[in-house]
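Two complexes, one shared chain (chain A), two partners (chain B, chain C).
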Partner chain A sequence: MKRSLFVLVALLALAGSAFAQDFIIANGAEPSTLDPALMQDTTSNQFYLAMFEGLVQYDPRTSKGIPAMAQSWETSADGMTVTFHLRDAKWSDGTPVTAQDFVYGWLRTLAPETASNYAYMLGMVVKGADDYNAGKGKAEDVGVKALDSKTLQVQLVGPAPYFVDMTAHSAFAPAPKWAIEKNGDQWTKAGNIVVNGPYILKEWKPQDYILVAKNDKYWDAKNVKLKSIKYLASDNMSTNYKMFKAGAVDWMNGIDVSMIDEIKLRKDYQASAQFATYYINLNNQRAPFNDIRVRRAFAAAIDKKTLVDKVLKGGQIATDEFSPPMAGYTPQPGQGFDPAFAKKLLADAGYPDGKGFPTLTYIYNTNAGHKLIAEYVQQQLKTNLNVDIVLQNMEFKTLIEMRNKHDFTIARDGWVGDYLDPNTMLELFISDSGNNSGDHRNPAFDKLMEDARMAKGDARMKMLEQAEKILLQDDQAIIPLYHYANQDMVDTSKWGGWYANPIGYHPPKFIYKK
Partner chain B sequence: MSRYIIRRFLSLIPTIFIIITLSFFLIRFAPGGPFSSEKNVPEQVLQNLMRKYHMDEPLLKQYLEYMGDVLHGDLGPSFRYRDSTVNELIGQSLPNSMLLGTIALVLATLAGIAVGIVSALKQNHWQDYTVMSIAVIGISVPLFVVGPILQLVFAMRLHVLPLSGWITGREGFKALIMPALTLSFPYFAYIARLSRASLLEILRSDYVRTARAKGLAERTVITKHVLKGGLLPVVSYLGPAFSGIITGSIVIEQVFAIPGVGRIFVQSALNRDYTLIMGEVIVYSLILVLMNFVVDIVYGFLDPRIAYN
Partner chain C sequence: MSRKAEKAVNEFNQQMKPVSLWADAWKRLRRNKMALISLWVVGFYALVALTAPLFPFLDYRTQVIEHANLPPSLQPAGKLVIQKLENQKKLLEERVNDGMDSLKPDLERVEVDLQKARQEVDTNPINKKVYIFGTDNLGRDMLSKTIYGARISMMVGLIGTLTAVFVGILVGAISGYVGGWLDNLLMRFVDIMYGLPYMLIVIILMAMFRREGQSSIFILFIGIALVSWLTIARVVRGQIISLKNSEFVEAARSMGASPGRIIFRHLLPNTLGVIIVFTSLSLPSFIMNESFLSFLGMGVSAPLSSWGSLVSEGANTMELYPWQLLAPAIEMTIFLFFMNFLGDGLRDALDPQSKNRT
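Take a look at the complex of A and B:
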């Protein structure tokens, strides 16, 4: 028994990594998939950035789209047709990357039997895509066509100005038809996978690590500096942080929140505003929050700045707005911190000094950070409104279920934008949106959001600003608390090409040792 | 005897069947589902997902189909890890947990018995007090405290052992040392206390007094008479301990980033990855039931007082 055990250990040791790696990433979890059409979490997305390349890719500084497989593109005068011109590029098996590979990839993401979560992103912008995904239309009617092997033409549902940037997303990836048809569900395994990005999969040890090595067939291989990258699947932030301190990890996404006081003093701690908002969700149709005065009173009673500065301390940005600011768009803040006004509003609503106010239950998913915030909110409401709320934590899936069923009065919530445009934030509050769990209903808001779909340029941004104004100033449908911070540990004096940016994507192609 | 073994073995089948059936329905009654997330997917995407995983069919039909697949050894596709089947996921992680668990249990058993014997023979001497104090610490200090302390000392300060991770070419099985020690600690402590208590009882028994009275050497008394009876409780404990050490290594697997079956179990429950939860439940209950079965049989051979008629 003992001898066989020893042999087993020795074999396992031999079977271990035969490759050295230049750069080690603590990736926070095991990716759910390496198939771009199926990716839906940031952990998996890391491998999209390493191994695949869409028409455009994320600029490492700004997260905006920059030419990738597409060398150039032009948009028709009505903004409804975009024509992409592909560069000469090869897949890792030497096959040229063609416009047909994009058509195949997009249709594959959309095919109902693929059951891709992010098919809706294509559905939002590409003509006929939504119908095909819903099983109501045909693949031939989807507005993506290969005019020739190097020209891809896309028909849009509206002049969506964010469309080109969107094509950096994994749902818009080209796909190697021959490799997928040959290996079926196994096509993403090492040895089977065919990629068009800077790195290719070498080793995949589930729950342990994934190793990728430079893809010599990549069109821009000469500018790819790191020879190989190892992604650790460890989900224990405390262990990851120790690994980072010990020099066994070069980049760690996310931090060990309990160590924030130590971490924030470190030079290799990178915090930057994320395109995302943490907010308190109110059930707009349920008493007492069916009264705008109560919603506004709650918004006025919570000091967001102190929350961020004294409680969270991690570089978050206190806000009364929902959509983060960006070029061409000025966010429209809701009610700010004003305890005296809060008291008055609550009295107007029939609860002078909190008298007669029902005891509400604030629900949140079990997590040390959410707990801190919930306790802070509880204390602020007590101090500034003399209102008591009860805190109730629960498992994440249970919280989601309760929010979806509108079975709550006040709940913790958060939203991360999928692309850099206010639309991805605000569309959440359209009356029939599947994510409108607070049940905000305002026809004027819905109309502006609908009109903005077909509008362009500055006029469109003004419509979205107007919509946010309704959401927060007229309705105070929710209480924004802060914009999340991307929190990373990486020593930028040692590693170049890694920049803090709003989406938090860091294409490894650009990373190099200084 | 063999009739007993066969009968006992056959009785395991309904047990497993009931566990699978109960779990199948229970997890479906938990709020939320495999496809719910902070961002709700549009209705049509949800429909596509439900169809793909046959969740649009009546529950009873799903159950019967699942049982049919299980009988053929097919645990289905994972809802969460979409490139893998449950068979693959468990097949890759279970050997790691088994290896770690076996090493930890062997360590715990050898050290626990040795310490138990010493303290029983030196009852109320300093040796006894020292090791029993350590045992109390072992039982009461949680693993998520012991693990990081070892990490701090051996990896961060002394740099002699890798901080975390699994066996790789360079580190060899050095990576196993800390997790195995940590995992074995509470089991070691329990076995030490168990063997001490049981040995003390035997030492005071009539047949040991008789053995001494007839002039046997103390060494012979201990090895021939005391140990054989005194270690029986340890044997019966090893069954549940083995299943416990494999299924209970979740914390250790997280702290030391070990690609084991415990980590995916926790994740699968939180993700409502129905097929993966079921697969793990089946594997865990098989281990538990089989271990108890083995202990029952072994006990019969060791303890002359038990007869299987």
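Take a look at the complex of A and C:
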């Protein structure tokens, strides 16, 4: 009797824990925000994918836009006007999602007081958006209008062919005006938050985990399979990997680099090319990197191929270019590895054999992989330029903050495209872009990027190529190291709906247990 | 008379050569075998750490990427690389035969590397290198890394201890001897410093004073120095208070000795036992503190390392490459173990209570 009772209790406990959360994600770091208008990093973006939905959403296979809040849309003949027809959907508090919510959300992202780092993304395509964001125009003049509660019309600055795909991004999210006005910047707290996506925030334990549960008001709730998802904030890949092996984590984004030889042999390791670039950000306005020769010398002093083939070994592609190659677009590589030339450049800049060169600090967020790369770069610079740099690690939030404030000299950086077009990579370096951490300023570059917005087809691609040429060959504003590979640990024989895709976003809506 | 005296030898009629405190302590320390062994071991560590820069083969910076993650061995690196690549090749082949086609490019790369390694095993002088403690994930020699790590860790211990001794004794002695409002002031200051958690102080210092291009190690030293002297100041003050009214101090005072002389010539020697014991036992604790900070990623940064940072890095890879954890961990444990024994022996040797024991 006693024994059977014990078994029963044990069974109940097991069942209890199994139902507590369906799917556990090792999310890599603490998200910096849950407010779609302020999201900037991939860790935060995971929660956009879970809790919010834009006009379109990312196709889990191709990363292209597929209908979401918008049921259908049509583009005018000149490509300058797009009209979206919204479906009947509700916010989590029962209010219907209207075209006005989109107008409010977009204007909120653009409002100068919101200080969204992604405002420039709207500014690039939506008419009048840039002026409003810069404080030069009025909100009424922004080209986004609600024709009625279910029809949204957008006026573009040019025939941007990537515009519809772009609206899957968090900067284009609708926003619940009433909730934001009631709770201010506390509106994303559990209990306050109002969402229109498949999941809603249940619990947020800072530096520990975030728990989201299925949102029954979601328009497609019947197709949402997972009842709840737990996102762990651990940035220790080694711990995450051990948890994954023990079955305590179902999907781990990123891998434990030091274990690559073992990980590679596992069937639940998923690697594929990603539309993303790992690079070193140099502060272009701060000495000594305000000298092009120094920037170029640094770029020439780092052997990227050895780093990728012998150290990382995870399917990354060593590169001197920023935008990954794609149909119709030929990337324009910057300075490649050439230690002798690097020495000469540094000598020309006034530091023969590194003499008199200041000791600089390289900042990176705490992560074994970034640390490995930082130490490799440090030693490359020492060997090839006789230059010393000091490494400093910090929390991801702090790193982002320092980069945004241009408060660094050298920083590790990485960029994942938001849609499949070179534009999403290159627009970072427009002078007033919120993600222009290295403070690259070149009017010729800005002009080309602006002209590209108005252009179409092949001519547009040529302009973008020209812009990348300026960025990397004339300015060497950054040092690209490699194109990322998506590296995930997830057992696809157990979980369905998870596919390798170029952007590496995996909307949890589609994930189910096989 | 003299003959008589020679005959009757007892402890009251001998000509006694005065024995200094130090000679006496040394004599008794020598009799303690464990303490003596500890002294040798600690001395050896100190010697190796001090002279490391004289040996060019101890190179903690150079990365030989081809030699990454080699196990500890007396064989030359070239042979180990071949063994490692052959193992990898075998594993990859198994998986490729299992149908994991995605590994084919990796297999090809390993084959190319293996071919190159075989060609160069005798021609390339770098392949003659022997790594008795293995290598880390960027092909750096673990032996050199642990030795240079020992330098940092021991420096941390030494700086902590020295500030503790100088500042602590000074503050404690003045506070105890003068007493009154000064005592009150100094001890309340110590209380306040006690109230601040050590970790917090170091973190705040890092945030406030870290400048471009500056290594965090100096701030770490300052942080350790700031808090290291508190306990010893308290201990010395208590000792001084309990001694300052004793007869020998009164005798000195009545003969006109200055307070400075009384403190440094009469009072402090009598508290020396406590100070030395405390010091030798706190040295390991400073090292442990630094290790903990480094473990959290706030201590030293590459290419420098300390025992703590090495253990922290090694812990991440202990399943595949256990030596990256074991080499620094064992080295550190041995040092701390003998340091504690040495402290124990010193206490026995310097304890005034045990002075007349044989």
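In this text, the second predicted complex is superposed on the first by the 307 of 514 C-alpha atoms of A that agree within 3 Å, B and C clash if a C-alpha of one lies under 4 Å from a C-alpha of the other, contacts with A are read in each partner's own complex, and residues count from 1 in each chain.
Criterion: a residue touches a chain if its C-beta (ideal position, glycine included) is under 8 Å from a C-beta of that chain, and two chains touch if they have at least 3 such contacts.
Computed from a predicted structure; not experimentally measured.
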Touched partner set for A:330, first chain B, second chain C, both or neither: neither
Contacts of A:359 with chain B and chain C, given as first, second, both or neither: second
A:34 touches, of chain B and chain C: first, second, both or neither? first
Chain B versus chain C as contact partner of A:113, first or second or both or neither: first
Touched partner set for A:235, first chain B, second chain C, both or neither: first
Partner touching more residues of chain A, whether chain B or chain C: B
Chain B versus chain C as contact partner of A:206, first or second or both or neither: first
First, second, both or neither for A:393, with chain B first and chain C second: second
Which superposed partner A:306 touches (first chain B, second chain C, both, neither): second
Chain B and chain C contact sites that coincide on chain A, given as residue numbers: 236, 238
Chain B - residues contacting chain A, complex: 30-33, 35-45, 47-49, 51-53, 77, 80-84, 88-89, 92-93, 99, 102-103, 148, 151-152, 155-156, 162-173, 176, 254-260, 263-264, 267, 270-272
Chain B contact footprint on chain A (complex, rising order): 5, 8-9, 12-14, 16-18, 29-30, 32-35, 38, 40, 112-117, 119-120, 123, 130, 133-135, 185-186, 188-189, 205-209, 232-236, 238-239, 242-243, 245-246, 248, 395-398, 400-402, 404, 414-415, 434-435
Partner chain A, residues of chain C touching it in the complex: 61-63, 65-66, 68-69, 88, 91-92, 95, 100, 102-103, 106, 109, 137-138, 210, 212-216, 297, 301-303, 313, 315-317, 319-321
Residue ranges of chain A touching chain C (in the complex, touch as defined): 236, 238, 256, 258-259, 261-262, 264-265, 267, 271, 306, 309-311, 313, 358-361, 366, 368, 371-372, 374-376, 378-379, 382, 389-393, 409
